[in-house]
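Right, one structure below, let's go through it.
Note that the chains take the letters A, B, C and D in the order they are written out, and that residue 1 is the start of every chain.
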Amino acid sequence: MTEPVNRDRAETGRVEAFSDGVFAIAITLLVLELHGPVLKVTDRDAHVGLWSGLLDEWPQFAAYLTSFAIIGIMWVNHHSMFSAIVRIDRPLLFLNLLLLLWTSLLPFPTSLVAEYLKDGDTNAAAAEAIYAANLTLAAIAFSLIWMRAVRGGRLTAVRLEPRAEWAAVGRFSVGTFVYAATIGIAFVSAIAALVVQFLLASYYAFEQVTS
Amino acid sequence: MTEPVNRDRAETGRVEAFSDGVFAIAITLLVLELHGPVLKVTDRDAHVGLWSGLLDEWPQFAAYLTSFAIIGIMWVNHHSMFSAIVRIDRPLLFLNLLLLLWTSLLPFPTSLVAEYLKDGDTNAAAAEAIYAANLTLAAIAFSLIWMRAVRGGRLTAVRLEPRAEWAAVGRFSVGTFVYAATIGIAFVSAIAALVVQFLLASYYAFEQVTS
Amino acid sequence: MTEPVNRDRAETGRVEAFSDGVFAIAITLLVLELHGPVLKVTDRDAHVGLWSGLLDEWPQFAAYLTSFAIIGIMWVNHHSMFSAIVRIDRPLLFLNLLLLLWTSLLPFPTSLVAEYLKDGDTNAAAAEAIYAANLTLAAIAFSLIWMRAVRGGRLTAVRLEPRAEWAAVGRFSVGTFVYAATIGIAFVSAIAALVVQFLLASYYAFEQVTS
Amino acid sequence: MTEPVNRDRAETGRVEAFSDGVFAIAITLLVLELHGPVLKVTDRDAHVGLWSGLLDEWPQFAAYLTSFAIIGIMWVNHHSMFSAIVRIDRPLLFLNLLLLLWTSLLPFPTSLVAEYLKDGDTNAAAAEAIYAANLTLAAIAFSLIWMRAVRGGRLTAVRLEPRAEWAAVGRFSVGTFVYAATIGIAFVSAIAALVVQFLLASYYAFEQVTS
């Protein structure tokens, strides 16, 4: 009876290691989407070139910081979740791959936000809405993993109280709902949507710190 | 007598860790091949620019999704295979490097498919055929690893029944055969070849989930 | 009482693994910022093209080497620090993410230095000052991690002597101060600032070797 | 007395994990230096475009394959070496960072070879000579690590016979000598130098397989 448990534990370990790898790579690849300003020859001669060029490209730094915070929080959450999970089954493996899909895709909409946010037109809204949709899909994947794992103590060491189980589902749902709401907000103001996303990530980070 | 076994186990661990690293990096690097549309100035002013620009570039998303699914399935397969393998010898190490070669090369033909698929001419066929050849070579490397490891229980903990051994070889061969067939299909219809490849990866993912 | 310690130890392990991943990726991504010279057609015909083109781009190699040395030293330091830390709490997790933010951002200012250092004007100063600010923020994050961990033996196995505690804080402060000073030096001479940064990293590497 | 040994073992583990990370990333990043051919509009219409365009760029595939084989062999060698090393000291840590520097730099000269090999003039020679110099420096770093670790059984579990010690040093020296020789060969024929480098890597791979 102990053998399969050991084997499962080892499996948890390798899933965590692979996921950590993808999180670490995605969070570090974000920097490749940052670009120095293209200074015109006359700008290079002028004495304000690089500073003002970089300030002018603030959206790419805002998008970088937001995505970094979100992937960082996702890693912390993934970590907490898998410290409760002691068994892996194939649906969980598949749902985890789904989460990794949305995580490793994130640098792409981040680059769209970086490029179009300042335009302030339909393109800015589209870029932000796509970014928000990506975040929403990642949050849904998190909820699905959690529901697969905890329902009836299926893959966890201890069966959670239904209350605690639902509290966790509720917490995930709030995140999912807020990210989904930013899809709509993007069409009113793309910048407002990014601010809400950043504040939500900061709130989660702060909650992690204080709770 | 126990010492060499321990050493071999440690070796299995490090081969798995290195392979996991390459799988995790290759699957995450795929996103760097995604590019936002190049909008002409007039497009940027128009209110449909980014949406239609992205829709227009659907082949890169189809290729991204297919490659992500394939590398994900390959990681799951590699994982299953090495949970049965308890010893490493040098031919196995070499065959594993061969598999990692085809895995880490995959983002390149993926980018060719992304760029040429829509052209629908000989270039689309060439791009898809190269992609299919890469997948076929990876599937062959998988079969070689398996044959090296299980023949006569050479590197596995328990000697498999010849029946089970051949069943596994058979399963790999089906994949190899289908991927090889898409090399030919590419010259009839590059899009059809990509669809078959995506369906095969989905089938494997589904089989993983239900079996 | 032992359980939480075990759990914490496992947590230390996963934080270290994730951090090692980010350090390893950031240090290896630096190479993507290196570019071959753009040779004009006439240069390609000439027999000195590539050599002189590369020599002409010495700032990118100086910046690469400095950043490689700094991230390498940071990894060694992080390693030493976490060999003393046996428990993780959430503020520490958050401060560690802050350190990883500045680490994984470093390739961007490195590329700015590579591009602007030779210009020797305000742009070179700006690029170097931004690079120096990044290094300073990373050094501050290191001090914060250390202070969080050792104050009153909060997260360490053994409570350090106040003397040893302050010696370590002092050592970090020197680094922070020197990096901060290079922000100012950059406006006098960007090249001098880079030289100071490289020497400081070399000093730390040498100290690691001999102490 | 056991405590420091345990700590050292853990340190070996983390050095190996960090090194494996850098090897895995460097070997996977190589694919980012592969580029599809730039087809002229008329080529795209023609029915031979992509095939002939890719064949025309054979040097990038030759360089990719050679670098992949070399980093793969380096990983196998590093692995063998550290299975004999049970203690880490700071000079070893520093020498290992030096090896990782040359490893993670390799994609850059690989891209130079890919771009200039076919030119067949001084630029091709320069690109190949730089590539050869990088390989030579990596081989020297390997020798230095080995000499630091085994001299007098300093960092190994068992003291090697002087004979075995020198045999290993000899084996490394042959590699170093051949790579150094290809610096000179590059100025006679850049393609011949690349062929020698590829054959040497293949020989090492074959030796690994059969011995």
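As a convention for this text, a residue touches a chain if its C-beta (ideal position, glycine included) is under 8 Å from a C-beta of that chain, and two chains touch if they have at least 3 such contacts.
Values in this document were obtained by computation on a predicted structure and should not be read as measured data.
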item	value
Maximum centroid distance from subunit D, chain identifier (CA atoms)	A
Same-site or different-site touching of subunit C by its copy subunit D, using the half cut	different
Separation of mean Cα positions, subunit D and subunit C [Å, integer]	25
For subunit A paired with subunit D, centre-to-centre distance based on mean C-alpha positions, whole Å	35
Subunit D: positions in contact with at least two other chains	17, 21, 25, 29, 32
Contact pairs between chains, per stated definition	A-B, A-C, B-D, C-D
For the subunit A and subunit C complex, residues of the former touching the latter	16-17, 20-21, 23-25, 27-32, 34, 36, 39, 44, 47-51, 54, 64, 68, 72, 75-76, 79, 83, 205, 208-211
For the subunit C and subunit A complex, residues of the former touching the latter	7, 10-11, 14, 17-18, 21-22, 25-26, 29, 32, 90-91, 93-94, 97, 100-101, 104-108, 111-112, 115-116, 119, 121-123, 126-127, 130
